[in-house]
Structures are given as C-alpha cells and as structure tokens.
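There are two complexes below, and they share chain A, which is joined by chain B in the first and by chain C in the second.
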Partner chain A sequence: MKAKYANFAKKATALVLVGAVLTGSVFARPKKAKNVKIGVLVSDVSGEEALGFRAYYEKYIASAYNVTFKYTEQLTNAEEEKSAIEKFAAQGCKAIISLSSSDRVTQLQTCSDYKLYYAIASGMLEDDQYEQYKNNPYFVGQIGPSMETEFQAGLEMGRYFAAKGVKSVSIYGAFIPNPMHVYRTAGVLIGLGATYGGTNDKNAVVGQLFGDSRVNVAKISSPKVAIKSYFQGFGETTTDELNAAIQAKPDAFLSVGMATTFFTSQLNAAGIEFSDIDSFTSGNGKAMKDGKLVYLAGKYSSSIGPIFAAVINAVNGNSIRDKGNAISLSQNYLVAKNYADFDKFYTSDSGSSPIFDKSKLDSVIGSNVSYEAFKSLVENN
Partner chain B sequence: MNMNFYKRVLGTVVIPLVFLLVLLFICQINGRVMIANQVSFTNFVIYAAIIMITTIALSINLNSGRFDFSLGSIAVLSSVISSKISYALLGQSAASAFIMFILSMVIGGLLGFISGRLYNFLRIPPIITSLGVTLIYEGITYTITSGKYLMAEVQTASMSAFISNWVNIAVIVLVVLAVIIYIFNLSKFGAEYRALKNGQKVAVNTGIKEVPNAIWCYVICGILMGIVGFLNAGRNMTINGGALNFGSISIMFTAFLPMFIGGFIGRYSNEYIGYLLAGICMSLLNSTFAVFANEITASMQSIINALLLVVFLIYLNNEGKIVNLFTFRWLRRN
Partner chain C sequence: MENQNKKKIGKYRIQEIMLTLMPGIALLVLFLMFCIAVISKEYMLSLYLKIIFNEGVVLALVATGAVFIYTLGSFDISLGASTLLSATLGVMTYNTTENLALMIIVIFATGIGCSLLSSLLASVFNIPVFVTTVAMMSVLSAISAQLITSNGGALGGISIPATLLKGLDNPPFKIVVLALWFAICLFVFNFTKVGRKQKFLGGNPVCAQLTGISVNKYAIIAFVMAGIGVALGAFLTIVYTPSVTTGTAGSIGMNILVAIVFGGMPISGGPRSKIYSSLVGGFSYILLTNFLKIVIDGNAGYGISQIISAVFFLLVVYIASMNYRTKMLPR
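Let's turn to the complex of A and B:
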C-alpha cells in the first residue's frame, strides 16, 4: 500500500513539474507582434523613382519590420483612389500611405471615415488644405517636397542652364493639373529669365498655368533664352512632338519629370544636353556617365522612410504630433551636375544600406518620441 | 473606262483626299507644316502601319461576331518577350531588331492560338473570354517586367536603324496587305471565312469546319498584333510593362474609326486597301494633332476622334437620305 501511494506521488509530482514547465514557457514566450498591413496608393507604377520607392518598402522595410505593404495598380483619378482605400479597409489595413495625388483631400476624408491612418509620402497638400485638415486625428502627416521646394527645384534648374549660357531650350512636362509639375515648370521659366503672361511672380505664373490648363508658349517672353518648343504628356502624338523639339535644335532640353524614362535614347542620339527631376537610379547614372544627362534633381528612394516611421507610431498608439497637428516636413531635392555627384548620391542610398536604415528609423519609432527628434532626423539626412 | 470605274476610284479616294485637303488647309492657315522633315515622315508611316494592321486584326474577328479585347495585350506581351529574348541572345548586334520582329510575330501567333483555343474550349461569348485573356496577358507582362518600362532591350542601335528607315515599314505594310488579301480574298480559307461570316449555320451544314477557321483567325490576329507590338516598341523606344486592369485595350479603340472608313472604301475597291487608306487618314490626323499639340490637348484629341467616329456612323446609317438631300433627288421626285 505504502509503495502504491509512493508511486502515485511520484507520478503526480512529475505531472505537476511538467505542467509548471509548460505553463512557464508559454507565459515566458514573448507575445508575437501582430503584422501591420499598410496600403500604398500609387499613380506611377513604372517610373524608376516609383520602383525605387516600392523596392525600399517591400524589400527593406517589410523585412525589417513586421509590416505588409499592399500596393494599388496605377491610380488615375479620385474615384479609383477612394475605391482603393475602401478595399484596403476591407482587407484589414491599418493605415494608408499615399504616393498618388489626384485628390488627397478625398483620400484623407475616406481614411477618416474608415478609421485608417493617412499619410502623404514624397508630396504635400496645398497649404490651405493642410491648414484645414491638420487637426484630423487620422492625418499622420506629410513629408516631401513642398510646393515651394518644387518651385525652387525648377528655379535652380532654369538658373543652371541660363548661367551655362544656353540660347535656346525645349521644355517637357507640366502634367497639369499635377501641382508639383506646375510649380516646377513655373520655376524653370522664371529661372531661365522668362516671364509668363507678363509676370515672373511665382504665384501669378502658377495661377496662370492652372488657369490655362497648359503652358501657352505664346505667353512666354524670354529675352535671353528662346523657348523653342514645349510639350507635355505621353500619348500618341508624343513621338512627333519630341521629334519637333529635337528638330528645333535647342541647346538644352529641360524636363520637369519623366524625360529620363521616355526620351533618354533619343536625346542622347540627337546629342542634346538634357535635365530632369527624377531619382538616382542606375539608368539615370548611365545617362549621366555616358549620355547627355547633365542635371538631375532627385530624391533618395529611402526618403519615404520617416513617414513610414510616423505611420507605424500612429498605428501603435504613439502618434507624433506637432503641437497637436499632423506632421508637415519638407524634404529638399539633391542635385547632381556630374557623374561624381550622382555616384555619391546613388551609392549612399543602396538597397541593403539605405540612408534611412533601420537604426535611424528605430530612433524615432516607439513611445515618447518627440516631434523635435523626428524633425531633426528628417532634416539632417 | 466606264462610269462604274470612275465611281469606284472616287469612292476609294474621296475620304483620304478630304482628310488630306482639310488638314493641309488647317495647317496652312495657321502657318504650320504637318510633316516637316524625314523623321516626321517616318513617324507618319509607322503610325499608319500600326493603325492599318490593328484595324485588320480587329476586323477579322469582329466581322465574324467575335469581339476581341485582347489585341493590345497580345501586342505588348509579344513585344516584351521577343525583346527580352533578342536582347539576351544578341544584345546590341545588328540583327537583334530583325530577330525581335520575327519572334514578336511567332509569339503573337502563339498567344492568339491560346486565346482562340480558350474561346473554343470554354464555349462562352468571345467578348467574355477576351476580357479574361486580356487580364491574364497583362498580368504575365507585369510579372515579367516587374511593372517597369523596358528600355535597354528596345533602345538598341539595331532597332533605331530599323525603325528610322521608312522603307522597312513600307515593305512590312505592303507584305501584310498582300498576304491578308490573298488569305481572305483569294484562298479557300478566305472563302470559308466569308461563308461562315455571312451565314454560319448554312456554312457549317455545307461541311465547313467553323472551329479550325476561328482558331486560325485568332492566330492570324495574334501575328498581326505581334507586328504592331514591335512597331510600337520601335516608335516609343520603350515598352510599358505596367499596364493592368485593361490598360492595354485603348489600342483597340483606335481602330474603330479606321474600320468603318475601311468598310466604306471596301464597297468601291477592297476592304483591306480601305484599312490602309484609313490608317493613312488617321496618321495624317495624328501628325496634325502633333503640330497643334500645345493648343489641342490630349483630351481634346480624344473628343475629336470620338466626334469623327459618331459623325461617320451617322452618315453610314443615313447615307441614302444624305445622298438624296445633296443631290436634290427629293426635289426632282416632288
């Protein structure tokens, strides 16, 4: 009898010990962080800059943090943007990062309706729109070139070629009503020393470009640099329009966006120096090293890292606010005027070691991150 | 030469002549030149070829009641695959453009065959099948290109040399025209095609096999769109690999007006020569749009194209009344 009870006691003790170990290990195991889904709205799916941004998010950020990025196809209007946000909400996304600019206000309102956090990457609302919505708790913020920065980018480009002594240019771009292209074009015209509709005031020129819904070459007066031709868009007539621009034999071809995607080979073949506002990609590097690309204003692919950090903070309940308002920080363009500059920018933001790498982003992700610290990170890199 | 001959000649040339005279006049009064140089002329020839061949491809199936949305996606996918292969094998070699051209036709034919077999296998309306095929081919294109524009594969010296010589394009146009006229107007296949088009039940009852005829039509359309894909790649020096959700179907809609114009001209001469002349008309219009691009935006160009289509359709549907009106036949009757 005594042996029977002893045997039972041994088995019971063993069971209790095993149970304790198992229970302890369950409680000791760290809780697995839930994967956060973030929807990304895009209007450009093919350009080098867009692909660079996407590679940064999907290959670097997604592997470094427990997030999944869900991308849209090419969005071409406000209805598609709204519909995309609604789909993302149904798929369990917690936030939306926008790289599409058909109607950002509607995007923000839709996100608010579905209780999704909303942020703008590589762009900004118009100033009055920001003032109207900066208190919205679902508006995380906007980090990108401000309209003033876009204007300055165009201005510096125009001034560069004017100082170079070019006597004639062809201009490409200004996909009106895309505001960043309009501000860039206004900057290019003013930088070249031209007036538009009799004025070289930034706001007046921008207003006229929006009002005209195009660049009216007849309204350009340029005493020092002749504007040989202007065209925008990429449709059935573009080949002929580019031909006309090249046949006009300008000293330079100034583009406010996408020329390096579409026209590099033709401009190289024609021997015409050209410029663009794009990004630092291998293709552009080749054009600058071996071709006629002489001026490139660009962004780092990882420049959209900080806005991701702000978004993930908001999702985790650690929103960073600027005195209660959504973040609004401007990022400047970097300018390469030769291959050495280009290579410096290109290699410093490579795929596996981007400028905004995990260590930098971790310094502003978490609780108790101040707005000043966040701002300092963005502005010093 | 009897009056019938003159009527046939007039009927054939009246529309292209009107297009040419009106557009030249518009350019002249505005101090513009429609086709200013050799490069402009080459671009004109290329665009005319693209429109003609696309219209022929659209009409082959559409005239048999098979609406095919997948033409654009076949053009893009065939050019993507052929450019990748030719660039991988030959790089900057002088023969790479020619090899890409041949491959584009072969792959286009294969894609058309798959499309045709799917239509036959699923036995659902061809418009539905073609929508699905379009999405599949666009998806494959996106996967191969990662959504990027293909540039290096297309921007070769060989392609530049090939596409910058209008004679090469003219030869393509003439050969395509000759082959298509032979196949559809002179061969047994063409006779069976016409019989099926005009009365399918009767034709099948007489022993004509509908399925092989339909599938061969899809193959021929695929080959033609392979040529279009090659020409588009050469013209733009890029291929957009990122078009999804029917982004590729717009090329099909550019062929509607030329198809109706070609059909009208076909009453007086030959339908396929009509498509060539219609392609020339559309290319003249495109060249004029390019000259006025700063005044006529892309959206206005689309509206003008749509208006021309509507006006022409109104004319076709009321041709008798309009002819009576302008020849005062109604007055003589009264």
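Let's turn to the complex of A and C:
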C-alpha cells in the first residue's frame, strides 16, 4: 500500500512539475519588439489556397512590415469565430482579417464591441448586410469577387465549353443556395445557351435558383448542350451522385466550386474533362498538366495583399473610406485554359516576388492615399 | 485482526478523500498556471477569464445532464448532434413565428426528444445504448445539415436577429442558469432515490434488477436529464452567437467524455459517480486547452495542444484507476 501511495504521489508531482515547466518556458522567452498584431480567422488550415495565403502574410508581409500575424486553429462554427476574436482582443491585436465565413455579421459586431478593425479578405457580405454595416468605423472593408464577378466567371466558363463544341455536360452546383454558387451557376447555364424556367435573364435565373435551392433539371431547356446530370453538396456526401454523373459519360464536367478539392482523382480516372473556380495552387497545376482539368478561374496567393494595406492604414489612423463607408471592391478571377496559362499565373505570384509586392502595397499605405488610388490598384492587378 | 481491518479501511478512506479532492486541486492548479501564463504574456486576464467561462459553460451544462447517463455505465456520443439539432430547430422556429417562447419550447422538446429516442431505440432493439447513440449522432447531424443548407445556410449558417438575445450574453445570466441546473441535478443525484438507484444500476446492473429496480425507467430518467442539459446548452449557444452552422456544437460529444473523466468520475459509472465532475472537469479541460494554446504558440503548429491534452487525459485515467484496482468495495 505504501508503494502505491508513493507511486501515486510521484505521478501527481510529475503532473504539477510538467505544468510548472511549461509555465516557466513562458517566462524564459525573450520579448519581441513592439509591433502591430493582426489576428487572422481561418476555417481552412490545410488547403493549398489557405497555405498560400498564410505563407504570403507570414513570410512576405510580416518581414516587409512591422507586423505579427496571429492565426487561429481551424474554425468550424460561429462560436469558435467569436471566441477567437475575443482571444485576439485579449492578446492585444489591433485588427482582424477574416478568411472564415461561418457568421461574418457576428464577427463584425464582435470586432466592433472590442474596438478591433475588421476586414474580409475572401468573399463578401451579402448586399443587405453590407448596407447595414458599411458606416461602422471598425469595418475596414471587403475585397473579393462581387456577385456580378461571380456571374461573369460562370458565364465565361459556360461560353468556353459551348464554343468548344461539347454536346453534353454534367454540372456540380457546390453549395447552392450559397449566393456565390447561385450566381456562378446562373452564369454557367446562360453561358451554355440554356434557359432556366423559360428565361435566360440573369436576375430571373438567379431568383429562381434561390427559390429552388438547387438546379431543377426539368426547368432547363438547352438546345445546344445537353445537361446530363446535376448535383450539389459536400464531397463526402455526394459519392453516389458523382458516380451517376460519371456513368452518364458527359463530354465535360462543369463545377462552380470545390470540384478540385472533392473530385479531381475520380474525374481524372474517368477521363472526363472538367472545370472549376478555385485558385492557382500546385495541386490544380498538376491536375491541369497531367489530369483532365481544362479550365480554371482562380485567385492567387497575394490577392489578399490590398486588404492588408487597408487594415494597416486603419490601424495607423489613415483609414481609406469610400465616401465615409467601408471599402467594398471586386477582384476579378484570372482564367487558365491550359497549363502554359496556369504556369504563367502561378510563377508570377511566387513567395519572394508576389504580384502584390512591397512596392505596390507601399503605393497605397500612408496618410495621403485616396480611395480612387486604392481602387485602381485592386482592379488593375 | 479488527485493528488491521480498521487500518485498511482508514487507508482506503484517505485514498478516497485524496481522489475526491484531486480534481478540485487540479482545477485550482490549472487555474493558477493559466493566470500566470496570461499575465506573463501581458494578455488581458479579465477578458481571458470571460472567454474561458463562455467556452466552459455550455460544456458544463450538457455534461452535467450527461452524468446521469454515464452513471448507468453507458455513454451518449450524440449529445453534440442533439445540441445542434435543438439549436437549428429553435432558430428555424423563431424565423418562422418570431415567437421567442415557442423557440425555447422547441429547443427543449427537441433536446429531450432526441435523448429519449436514443434510449427508446435501445430498449426496443435491446442493444447497448451507446450503439444507438452512435447511429443517432450520424442521423441527427445529417438532418441538421439538411435543414441548415436547405434554408440558405450552406456556408453562412442560419441565424436569428443578432439583437434578440444579446442582452442575455453576459456572465451573470449564464452563472444563474448554470447554478440552477447544477442545483437541480445535485438534488436529484445526491438526495433522491433516482440518483441512488442509478448508481446501483451502474455499479451492478444484475443485482440492481434482482432487487426490482427497472433499468428502462431509470435509463429514461437519465436521458431526460441529459436532454434538458442539451436544451440548455443549445439555448446558451444561440445566446452567445445568434447563428447555427453545420459545425455548431461539433466537439461537445467527445468533450463531455473528457470533461467527466477530468472531473474524477470513472468511465464505468456506478457508485463512484459524482455530479460535480462535469463542472470541475469541464472547466479544467477548457483551462488546460487554453493554457496549452497560450504556452505553445498558436503559430508553431496545429494540433500540438490536442496531443498534449490527449496525453493528459490518459494520465488522469491511469491515476484515477489506481484506486479502483483495490479489492475494497466502494463505501
């Protein structure tokens, strides 16, 4: 029994000592020089696009400016997002850049409560949400593809395949009724020369897709290109639908998002050409070079540079406002239709020499930067 | 001989007291370590403590109800999914009716209903409860995901107006809810025959049944208590953030198990079960994970804090189980 007591006491002491050593290591760390801390909310910690964004901020921006980026772990819901913002506030961060979209309105409100500047680096608020919060002084802005840009991206994709002469396609609608995917899908249908519910008017098609919460194949009339199948939803829950789409042997598989994440290997194996709206990553390059990815509308890693410039300006008291409102600018997609195009975009945005490099960002960082100059930089790159 | 027996019992009681106090001492040590870490990093301690409370309160509420199930020697892994479905249906109800009272009723009905369904399925098919809860977890998550995505929340979730419950998002309200729920559970668990019989059932189900105790009756009571905990957790989740996404409450199911063990309760349930283990363990676990995240720089690498937490979990189970290897019956 004594031995058991001794054993128990040893283990308990060991637990306390481990804790003390870990705590002690905190004291031992040298303090860093004062700089601006910016918290980054991320919902994807392992995707190539997310890693590209992170490398750009941590390896390029952080060394070019006196900034420390503090990243969250993978955020999966609104509670985690809010808690992460509160932790960043407790850690002395001055601003939050969001790459997570569970509940952006709550993110914005929480930032406002803690007097943190808030910016959206990927995607946008819905129009009514932007109208409601654009006057908030802590809302720096949002830079990403607008809904019109999303529609155009889908439209160009549809037109590309129609011009290519494909006779049949399968369509993957990703997460309809997510607005971004609704607009892209409406663009794809119209680009293929199809009507939906008897119309090819953008707003009418978009309205119907929102109402249906999916694409109702029975409402499609497509004289030139047959729509063999349609499905949507998370990759792991749509295995049967993907198999059915492959069995239908379409000439092409058109995706409005996430196909390169979910379906690349299956579509390559089936020998079906496919397209997607995603980003310029090495994985997508491989799919384009050796696989069946033939069309990619995408973003590049340093596309999140301008929003950093807007945030650092706000932190330094030089907020850039559009007539007093938060910035809301649309960024276009780059389109690669072959590996040479892809490689050109991919290599032009390398880690050490990104498209939005220090010299470009410096042109919009400072006390005398106009909204027009900022807008011009974003829209011309 | 009599003296030897007295000595044995005395030592056993000391050991019991030590193990009883251990979770509380561990919570205190973790709290001190956490405070030291926060202060040494020059972070805001008051705000961090509020965050810890907000993160711990939902876990503590759901886990307190779940103790009744764990006492029976079973466990319910679907509690996170039940919390998600309760919150989802609550938000949908408010958005349809704009009636707050109805929203709360739906949250409670769903929480209790989901929990009861698990226990009824187990009774009907005569299979272990935890097996039905594994199936229920998948079913409830799928239903919630379908409801959320088909109501326009594929990526952004569904939400009630942000201002509706914002006034309740403060520590005093949450402390009152937690204290009331804990007091009710403490009373039922320690001062009524329900708690005593459940401990008996968890410790020795055959003997308990032979003495005329109905397994089904007390299983149903346990699941109803867990369901109320789920409903309270779902409500406070909506109070904290007005939106529900497919990932809401995703980690609660497993965290309850960890919290209860951290609180000093045996996984096997029975007479050594303690109602306070959920409260102590829940906050200990939250303190530990946040302490590790502060000490191990978040940018250094993902998952390191989870690995250390897992090692801690195994250590706690090992130390706690030392006492259960004795031949003495629990007293």
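Keep this in mind: the second predicted complex is superposed on the first by the 328 of 381 C-alpha atoms of A that agree within 3 Å, B and C clash if a C-alpha of one lies under 4 Å from a C-alpha of the other, contacts with A are read in each partner's own complex, and residues count from 1 in each chain.
Note that in this section a contact is a pair of C-beta atoms (placed from the backbone, for glycine too) under 8 Å apart; a residue touches a chain by one contact, two chains touch by 3 or more.
Given the structure is predicted, the values throughout are model-derived calculations rather than measurements.
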Kindly classify A:265 by the partners it touches after superposition: chain B alone (first), chain C alone (second), both, or neither? first
By the touch definition at the top of the document, which applies to A:376: first (chain B), second (chain C), both, or neither? neither
Determine, for the superposed model, which of the two partners chain B and chain C contacts more residues of chain A. C
Does the superposition put A:45 against chain B (first), chain C (second), both, or neither? both
Can A:73 be said to touch chain B (first), chain C (second), both, or neither? both
Just chain B (first), just chain C (second), both, or neither: which does A:213 touch? both
Considering only touches as defined above, state whether A:347 meets chain B (first), chain C (second), both or neither. neither
Who does A:106 touch here: chain B (first), chain C (second), both, or neither? second
So, does A:338 touch the first partner chain B, the second partner chain C, both, or neither? neither
One more residue to check, A:82. First (chain B), second (chain C), both or neither? second
By the touch definition above, which chain A residues appear in both interfaces, chain B in one complex and chain C in the other? 45, 73-74, 213, 233
Looking at the complex, which residues from chain A come into contact with chain B? 45-47, 51, 73-74, 213-217, 230-231, 233, 235-241, 243-244, 246-247, 261-262, 264-266, 269, 283
In the complex formed with chain A, which residues of chain C make contact? 11, 15, 18, 22, 26, 29-30, 33, 36-38, 40-44, 47-48, 50-51, 54-55, 145, 149-150, 152, 154-157, 159, 162, 237, 240-245, 247-250, 291-295, 298-299, 302, 312, 315, 318-319, 322
Touching chain A in the complex, chain B uses residues 36-37, 39-40, 43, 47, 146-149, 151-152, 155, 160, 235-238, 240-245, 247, 254, 286-287, 289-291, 293-294, 297-298, 301
Taking the complex as given, what residues does chain A use to touch chain C? 1, 4-5, 7-8, 11-12, 15-16, 19-20, 22-23, 25-27, 45, 58, 69-74, 76-83, 86-87, 89-92, 101-106, 109, 175-178, 181, 210, 213, 233-234
